[in-house]
Each structure stands twice: as structure tokens, then as C-alpha cells.
Amino acid sequence: MSPLPKRILIANRGEIAVRIARTAREMGIDPVGVFASGDSGAFHRRAMSQSLDLGPGPAYLDSGRILEAARAAGADAIHPGYGFLSENAAFARAVTAAGLLWIGPSPDSIEKMGGKLAARARMREAGVPVVPGSDGSPGEADSGAELARRAAQMGFPVLVKASSGGGGKGMVRVDRIEDLAEALSETRRVAEAAFGGGRVYFEKLFERPRHVEVQVFGDSLGHIVHLFERDCSVQRRHQKVVEETPSPALDDRLREAMGRAAVEAARAVEYVGAGTVEFLLDERGSFHFLEMNTRLQVEHPITEETLGIELVRAQIEIAAGAALPRAWQDGSLSPRGHAIELRLYAEDPFEFLPRTGRILAWEEPSGPGIRVDAGVGTGSVVGVDYDPLLAKLVVSASSREAAIARARRAVSEWIVLGVETNGRLLAAVLDSAAFQSGKYATDLIASLDRPREGEPPDAAWIAAASALEAPEPASETGTGTSRGPEDPWQVRSGWRPGA
Amino acid sequence: MSPLPKRILIANRGEIAVRIARTAREMGIDPVGVFASGDSGAFHRRAMSQSLDLGPGPAYLDSGRILEAARAAGADAIHPGYGFLSENAAFARAVTAAGLLWIGPSPDSIEKMGGKLAARARMREAGVPVVPGSDGSPGEADSGAELARRAAQMGFPVLVKASSGGGGKGMVRVDRIEDLAEALSETRRVAEAAFGGGRVYFEKLFERPRHVEVQVFGDSLGHIVHLFERDCSVQRRHQKVVEETPSPALDDRLREAMGRAAVEAARAVEYVGAGTVEFLLDERGSFHFLEMNTRLQVEHPITEETLGIELVRAQIEIAAGAALPRAWQDGSLSPRGHAIELRLYAEDPFEFLPRTGRILAWEEPSGPGIRVDAGVGTGSVVGVDYDPLLAKLVVSASSREAAIARARRAVSEWIVLGVETNGRLLAAVLDSAAFQSGKYATDLIASLDRPREGEPPDAAWIAAASALEAPEPASETGTGTSRGPEDPWQVRSGWRPGA
Amino acid sequence: MAARRVKIELEGGRGEQPVSQDGTAGRAVRDVRVGATDAVLDGRLVPARVLREEGAVTAVEIEGVSIPVRTARERNRVFVWCGGRTYEFHKAEAASSRAVRHSAHAGGLLSPMPGRVRKLLVAEGDAVVRGQILLVLEAMKMEHAIRSPRDGRVGSLPFQEGDLVEAGVPVAEILE
Amino acid sequence: MAARRVKIELEGGRGEQPVSQDGTAGRAVRDVRVGATDAVLDGRLVPARVLREEGAVTAVEIEGVSIPVRTARERNRVFVWCGGRTYEFHKAEAASSRAVRHSAHAGGLLSPMPGRVRKLLVAEGDAVVRGQILLVLEAMKMEHAIRSPRDGRVGSLPFQEGDLVEAGVPVAEILE
């Protein structure tokens, strides 16, 4: 094993940048941050020993400026977090070429899992079950009869997708064979506009699947293990909102089969580091490879909590050449209790539309079984340019029932004033019979009844009136509104809208 | 098992009141708080669904007013926390007599362990090793020859104590046989002044003992178990500062022997609920019963973290007649990883003198492996009338080494401005070779070198100058100083000095 | 201690009956007066006291029972955490000014969320059909298409591509 | 942006050499001037910028490297979190006024901590011997005895039992 890095540049923002900085400090490694000029008030800067200005524009995606910052700060390693450049093979190569340690899988592994169609083909070869579908071969769309035959074989509905797509973009649901050809054309048009083209294919659409993923970890000595599953079925707009482990949908046999398949998937691309293999679990209990995320996952903390391990520490050690911890390899790890992650988004809780503004008060829940990974605090400005994830609440308890009750307590305890959040949605999910029974699928949020809410209690009206009739405190005036592009240093609030 | 209570009155303040309220909420029980009139700005009130004013003076010790508040609030149970009335057998009886559920051991158990000499005698009978010493029998002090014989037998130094004493009061160290008689007389005088008399005795004084305690739990069906140990050797002024579990001083054989002795101790007083048996572990590895705390212990969270259990929930369930959880009885519980608690006190870090004032900024550490049980927040006023404990930082990790590194990170991350705390002492303990080696005793803090600290970095001087030259924000003026006894309601800050 | 009357409104209206387009149905408005020892809610007297710390309300005592709350104010809006939930209130406008605010943009399409104008797909004066996408807003990695509610002609288009748009402001006008 | 000079002092003095009784040795005092793009520390120019949010300083950029800090001010004192540690500073008094403050109570005993007077064991005019306990302070469950530093007679005793006493104020005077 090479020595550990001395100074890691964290090429990210928000909660994940803070979370990585914490582990770096615990390992005696200096965490260095970066920020876009328009994001100079960003909360993650507080977690760093120092941070560097990347300049204007979408700077977190600018690999050149990030490498320049790493050089300027004397960093010897880069952790990309998730999103931004984390699954960009060219960036990973540039980091290595610059003589820095890349804390992530090899660029080859990233590329092999980057294209959905290529990944599907590779998984089929490796014996991993994939979602039934077409293979997107170049002439496919022209061969109407062949397509129709395949679609009929698996049954409708199907989902048309772009191989290079993501985040639900360009996906079209098709219920009848007559509409298939047109949907393929439409997705091709969208893909050309949004991702510069690429192939288009279709998959069987499961109406009420669960989304269950398996954490995998490989080292440079060729060991690959799985670290159990996370159930990510609670979604809105194809994005995860609540995750839990263990999955209430798995029994030991299925858990073992999925773990084995995930390890096979990772082995097929010679995976080193932390990765996640996502599966759809259909209503009949069969699982199908969906994709592999070649990076740290947002919801990794629930795995850390139930297993009592530290994934970011392992990422850094393994990037430096260490072997997987012995306990991960000898089968002695097993989940204890239950963990749930709830994502607090800045958005309307039931319409899912983004919300912006200044956070006037921010008080996190705490106490037994509570972990909060936050990317904002009191005074933070939530703008339109970045992901709406404000913080993750991670709850652990000895049983699923106790974890749900604890999560519900923590959501009630969380004080976030000034920007609307999805807190009421989180409460509604936890209160729902579907979630409590454990028998739910990806349609849980869509099928939730909007909770009946009475009027605020008298105390809330009286508090509101009392606050509104008092003279406004000086410290609360004039902030939270957009400013011109003046120098954020030495002005009253450092924030300005993203450039 | 009777039904769970519906509404618990929490007869305490500070972090423990908040901690109990959290569990109550998770169990669907309504937490009701109380406060002394002079403590109306107390932080714990925020954790309650409602709170009641007990009136002026040392109200948290006034059992009559607390019972009256319980009646007014419609509470059906009382949790005393620790300190205050928690080990007051008369209060426990009055609670039961009022038809309320008492969440604690029986008054008889409390009484049997309340007098030190009686407890020592009882433990000797039960076969639990006690610290060697005299038996405090009425004629003892007069029988100079007999005393001298006993003292010579066990060897000097010895510690003279009052049976009814506590917190180190009236304890006198004696190094020579010639001083023994006078020390006994002096302690008797102090005991008469401070505790209204009571018997006086002496024990062997171990120069460098460890203080290791065992968590025990009994149910009303007669089951008693131990829940492993906590090492509480890091002390100042006879009060604990840092605790950890597992104890680095125990091997499996010793752990089992102490666990067994603790269960015997609890069985001897037919113990029901949560209790702690404190032992001194001498330099030769022998352990000696010191006392039993018949209540929830301040440092209970480290047991919760390593075992993945919830002690306050169990207290409530067992008070309602439930049996101990099966996993606690069948030997399947075992500690995972390592946990450390650090107590943040409002005091000079190296002189241990109290510090008071207003907390101008309070930002807790967070992230993986961090739990904070706090009794204050931004704006809280720390006065002279209550315990200086502000909050407990509870750190968990997979190994002792990782837990120490994590604790060090968390202490650095903690922002507490406005009131001096012992944060630097906590850092110095974690940084010390003695603590890191695990080979330390109760003299660790006394033998710490005061850390060499250079001057503040330039950035701190510049920040200070910049803050001092700006006009003072309106929200920071005029608070934090003592006020007259005007009505705290409707004044700018609700706090006034304790009446 | 003043006891001025404030007319305040719950943002979003009554939970089960949101504020209607014309701004009348579903509104939750109350007249509140807070005195030293009592409050008056829509004429109903409630024995109540308010505890303030650091400029925020932290507890309301009603009939001797103290309930924790937490407020934060920004100009005429106030956010209240109470009973484990958060509410937003604002000083209620007179009905007439509210009606004016709503009618002023009768022909206009309001932005449903804050964001940046990612694409402008039409120009002023263009003929459009019902359902046609006029522009695309983007915020926090999410795109939102603004469509024409009817056949017509594009009137004013106040924003350019790349502009920052707040929620609830007119982003396009469709003339008959 | 003003660039006034402030003379500030670190509370407690240099870590290894605390402030002496007479208030001279061990003092850590600096002249600091903070401008828009640089600061001057005791005459040394440092390229530096200060980031302020919500009335607190949250970062100081020195030679292009931004370091997180956090300040909170109370009148002439300021608390600074920087590099994982907390410091307290105050506006430095002129040496003369400091000397006056120290000498004013030359015959007086200062309270070492805030607290309540739990017991008064002597009265004004009583003769006392060196080491005799004069009064007992109590704070946060801890008792602290104030003893006479020499043989003498009790001068003024400004507090009564039960009084609240701040740290550093005279609690008893012993005359020769």
C-alpha cells in the first residue's frame, strides 16, 4: 500500500463535500475545498481547512480549473463525491495524469458501466440477469417485425430509453405495439438534442417494481465483496427520497442471490473502490440489473450505520492500494438493526417544484440513533443552480418499527424556517400504511393521499402575529434577496446568485 | 404488562430532560416538562409538548410542586432523570402514592443502596468484593487499637468518608496511622454540618485506580442482566469527564467476573429498572464495589451505541411491567466497535472553575458516528444555579483508535462562542499518550501537561479585528447580562437569573 | 406592550382547500391581537402570553400551558414551527389589492417555480396552439416546460434565455 | 470600507505565559487594521480579505487561501473559532487604565468565578488569620472557599449570603 494522501481536494459541494472532509480529518488528511464564484457563501467551505475560488460559471464541472486548484493547494489526491465529475472517465484520467491519486474506480471501469446498452450486454455475458429488452443495435429500429416480436414476447408496457441518458430524460412509456416505432424516434430526437445522440432501446416496464441496490467494494488485489442492500423504492420524479436497509422485500435467499449477482457485475469490469449495482425487483420476486453507479452513493450512510463501517475511509485507503478490511472478506460482517435515510429537499412537498430562499433558522434533530449529513445551515441561501438536496437524515434503531418511530420524531423536531422543504412529504411517507407494512413499490409517493391537515393551532397564529407586529430585527433585513454581481467579500452577506 | 403511560412528566432539566422527551415521543408518549421560574429560558422546554412553571427557588427539588404539576398536566408517569430527585426514595413513594407510574427502581432498592456503609455491608453479604475498610460501627472511632489494627492490615493511605456524603464532600486522605483519629473526627464534624450527621468510616485509598462501572437492568419478573461496562477513569474534581466502552483495562475474564458481581449486587436489592454498579479496579487488576447508582447514568449513551439498544425505552417499558427484551437475556447482545462520551462543561479547561454567560453561537458536530445530547443552544444563558454540563458528545467507530480520531475531529468542529468550555481539555485528553495507550487511571487529567499553545493564527486576529470594528449588530446588545426580576414573558430575552 | 391588531394569512390556504385562482376560496385569514396576558383571535379571547428570545418567539403559553414554538421573520412573512410542523404566514392584503394582483396578470402565465430560462421556443407575435411549449425553465437540475393554455398569439415575453426568474411572476402573455 | 486601526488583546494572554497579576507580562496585544484587500498586523502587511455573513465573519482569505472562521461579538469582546479552536479577544485598554483597574483592588480579594455567596463566615471588623475561610462561593454544585491571604482585619464585605457575584469582582477586603 502506498502512503495515504496528505491533502485531498474535494471536487464537490453540499453535504457530500462536508461528509468527505470529516473523514479526511479523522484520517489526519487535510481537506481542501473549491467553490464557484457565484457560490462563495456555500456551507461546505466551513468544513475545509481552506478553499479555493474556481471562478465564475458552472465551475464544479470544469476539470481544468479543478486540477489547477489542486496544484495551487498542493493537494495530492482528489475525491469527486457524487454527481458533477464523479463518473467522468476523462476527468479520472486527467487526475491520474497530473500525478494525483484518484479516489474512485478506474476510468476503464467507469466507461464500461457508463453506456447503458454496453453495460447491459456485459452483464448478460457475466450471467447477471438484466431487465428484458432490445439491444439497441444500429439497424434495430428499422426492423419493425423483429422489434414487434421482441416486445410482444416480453409483453407491454415497455420503456424506451436512450443509452446515454439519465435522470429520466427522453424516457417514453409505450403501452401498445402500434406506438413503439414512433416512441423510438422521439427518444432518438431527444437524445440527439440533450446528449449528442447515442443509441436508443427499450426495456420491459415493470408497473410496481422495487428499486433495490447492492453496495459493492473491490480492492486492487482483485477482491470484491458486497456490503448488503439498500431499498430505494420511495421515489418522486425518478429520484430517491427515502431509503432503508435491510430491504423488507428480501429474504435471505434473495439477499444472497442479489449480493452474488452484484459481485459478478463488479467483477466483470474489474471494479476497485465503492460502487453500487442497482436492480429492479419485480412483483414476482425476480431481480434484474438496471445499472451500476461507479461512485459513492448518496444513500451510503445507511450501510455504514447497520454494518458499523466507514465507506469513505475505505475508499481512501483502497485508492492508496490497501486490501479490503479482513472483516469485510471473511463473512463476519452482518447488519445490526435497521437504518433509514430521509432526504430533505428544498421543494414543495407534494408538487415537487423547487423552492429557493434564505434559511432563516436551521436546527437539526439529534439524540439517540440520529445522524445528520447537512450541506446548509442558518443563513444559507438556496439558489436555483444546484441540486435541491439540503441534508440527509439517517436514523438507526434496533428494529424497523423503532427506526420508523424515531425518524418520525426526528422529522418533527427539525426546524427549517425560510425555505419550504419536503418535510411534510417525509412525514406522510413514514405515516403511510404502505411504508409501515414494508409492502410498497416505486409508486408509493404517487399513490399517497395528500394528508388532511387542519388549520394551524392557536399557538401558531399567536406566535405569527407576535412576530409580525414586533419591529423587524435589523439582522433580518436586506438579505435573502438577489444582489448584483458586486464583490461578495466585505459585503454584508457573502452570497450572490450563481453566475 | 400494564399499558404504557400516555403522558410522562420529566422532572428534570438540561440534556437529560431533552433525551428522555425524545424517547417518549418515539414511543407515542406525550412528554411534559417543568421549569423553575428563574429558568424560564431553559432549553429543555423546547423538547416538550408543553411545560409548566414550578415557581421560584430550587424548584426541581420540590417534590410537592412537581406532583402538583403532574396532576395539572394530566401526566400518568414521572421520569426523574439523574440528579435532583432521582435517588430520593420518599419522592418515589410519593409518586406511587399519587397513583402515578414511577420510572425507576423501587424506593426500597434506592434506600438499600443509599447509605454507603449499609450498601457495603449488604454487598459483603452477597459475596461482592468491596473496597477494604472499616465498618463505621458506632463505637468504632473510640476503639483506637482496633482501628489501627485494621488500617495497618490494609496499609496506608486510607480515605475517610461520611456514609451519607457525596461529591467528595468531607473526604479526607490519611497517610499515617497517627492522623487517623483526627481525620475521623473532622469528617464527622463536616458530615454533621453538611448532611445532618451519619456514620463515618474509612476505606483503603488506591493511588491510581481505574473507575469501571457495569450497567445492570432488572425487570419485575426477577430477571437481572448486565449490559457490559463503562470506563469512567477520566475525572476532574471527582467528576467524570470522558467515558468509554469497552474498557481498555478489562479482558474477557475480568469483564465476565465484574458483570457477574454487578448482577449479584443488583439481585441483593431486588433491583428493577436501570442501575449502575461502580467498581474501583486497582493496579493489580482486582475490583472492589464502590457504590450503586439507582438511576439512569449520565454516560448511558455509550452503552446504547455499542450494543445498539435504547435504555430509556427499556426503563419505561419495564416500569410498565414488561420483561427484559429476550436478546438481553439470551446472551446474544455483544458490543460492536467502540464508543466514547465527552462531557462539555461550562468551565475553565485547566482550572475547572465555572464559567457563565450567554451562548452567542452554538453549532454541534455531526456526520458519521456522532451523537450529541445537548441541553443548550444558541442564545442559552448559562447561570450559576445548575450543573455546568452543557452537552454530551457521543462518538462511535469500529475501533478504539478510529473513535479517538473521530472524537478529536468532532471537538475541533464544535463551535461554542460566548461561554468558555472545557473543549481544550477534551482535546488534550484525546491527544495524550496516556489516553491513546488505554493505560491510564483516575489521575490522568491531574497529570496532563497543560498543552503548549502558540498564539492565534493571523486569520483569527484579522477576524477578531474585523468583528470588533464593525458596528455592533442590534441583536447582540443588551442581552447576556443579569436583569432585574421583571416578568420574563414579553421581554426581549426570556432569561433572568435564577431566583 | 402594544396590542395592535394584525390581520394575518396562512400561506397556501387551508390545507384541504387551497387558495383558489381568484384568491378568494380557501383563504385562511385571522385577525389577531396579542396583549400582555391574552390574545384575541377573530374576536375570541384567549388567555395567552408570548415568550421571546433573541428576537424570535420561542413559546406561547395558553391557559397556563406553555407550548414551544419557533418563529423567523422576513419582512412581511413569518415562518412558524409549532407542534412538529412548519407554517408560513404573511400580513394579509386587503381583499381589493389581492384581487388587483390576481387580475393584473389575467392574460399572463406565471412561473410555477424559481429558475433560469433555459430555452425560449417562441418569439413575441408568434402564433401558438394550445399545449405548445413556449419556454423551458430549469432549477436544481429539473426542467419545467411552460405551455400555452390556448390557441393564440404570443404577447410579451419579458425574459431572455439565461435569465433568473422568481416563482409567481409572469413569464409569457398569450393574446386571443 | 473603513480601515480603522483596532488594538486588540487575546484573553488569557499567550498560552505558555499567562497574563501576570500586574497585567503586564504575557499579554498578547496586536494593532490590527483590516482593509478591503489587505490587513496590517503590528505593521506587517498581509494580503487578506474578510467574508461576512449575517453579521459574523465566516472566512478570512490570506494570500488567496480562504480559511473558515466564525466570530461572535458581545460589546467589546469577540469570540473567534478558527482552526478547530476558540479564542477570546477584547479591545485592548490603555496600559494606564489597566494598571488602575488592577491596583484599585490591591487590598481586595477578587472572586475567582461567578457564583452565589453561600456562607459568610466573618463580619466587617473581625480579626482574621492567614488561611482562614472568609466566605464560601457556590456555583454549579461546586463550592469554593475564599481564604484570607494574611493576618489582619476584615474591611468591607460587599456581599450578603445568597447574593450573585460575577467573576473578578472584590468580595472581601483585608486590612493590615
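Note that the chains take the letters A, B, C and D in the order they are written out, and that residue 1 is the start of every chain.
Just so we're on the same page, a residue touches a chain if its C-beta (ideal position, glycine included) is under 8 Å from a C-beta of that chain, and two chains touch if they have at least 3 such contacts.
Treat the numbers as computed from the prediction; the structure is a model and nothing was measured.
*Asks:* Would you kindly say which chain has the C-alpha centre located farthest from the C-alpha centre of chain B?
*Replies:* For chain B, the chain whose C-alpha mean is farthest off is C.
*Asks:* Out of A-D and A-C, which chain pair has the most contact pairs?
*Replies:* Contact tally favours A-C.
*Asks:* Centre to centre, by mean C-alpha position, how many angstrom separate chain B and chain C?
*Replies:* 49
*Asks:* Could you put a whole-Å number on the gap between the CA centroids of chain A and chain C?
*Replies:* 31
*Asks:* Counting only residues that touch at least two other chains, what does the list for chain A look like?
*Replies:* Within chain A, residues 47, 363, 412-413, 473, 475 contact more than one other chain.
*Asks:* What are the residues of chain D that contact at least two other chains?
*Replies:* Where chain D meets two or more other chains at a single residue, that happens at 50, 52, 55, 67, 70, 83.
*Asks:* Inside the complex, what are the residues of chain D that reach chain B?
*Replies:* 2, 4, 6, 8, 10, 14-16, 28, 30, 32-34, 39, 41, 46, 48, 50, 52, 55-57, 60, 62, 67, 69-76, 78-89, 91, 112-116, 138-142, 144, 164, 167
*Asks:* Which residues of chain A touch chain B once you look at their complex with the stated criterion?
*Replies:* It comes out as residues 18-19, 22-23, 25-28, 47, 301, 304, 308-310, 312-313, 336-337, 363-364, 366-374, 377, 396-398, 402, 405-406, 408-409, 412-413, 473-475.
*Asks:* Touching residues of chain C toward chain B in the complex: what are they?
*Replies:* Interface residues on the chain C side: 1, 36, 49-55, 58-59, 61, 64-68, 70, 83.
*Asks:* Can you list the residues on chain B that touch chain C in the complex?
*Replies:* Within the complex, chain B touches chain C at residues 40-41, 45-53, 72-73, 378-379, 475, 479, 488-495.
*Asks:* Quick check on the complex: what are the chain A residues that touch chain C?
*Replies:* The contact residues of chain A facing chain C are 167, 237, 346-347, 351, 353-356, 358, 360-361, 363, 384-388, 411-413, 415-418, 420-421, 423-424, 451-470, 472-473, 475-477, 480, 482, 497.
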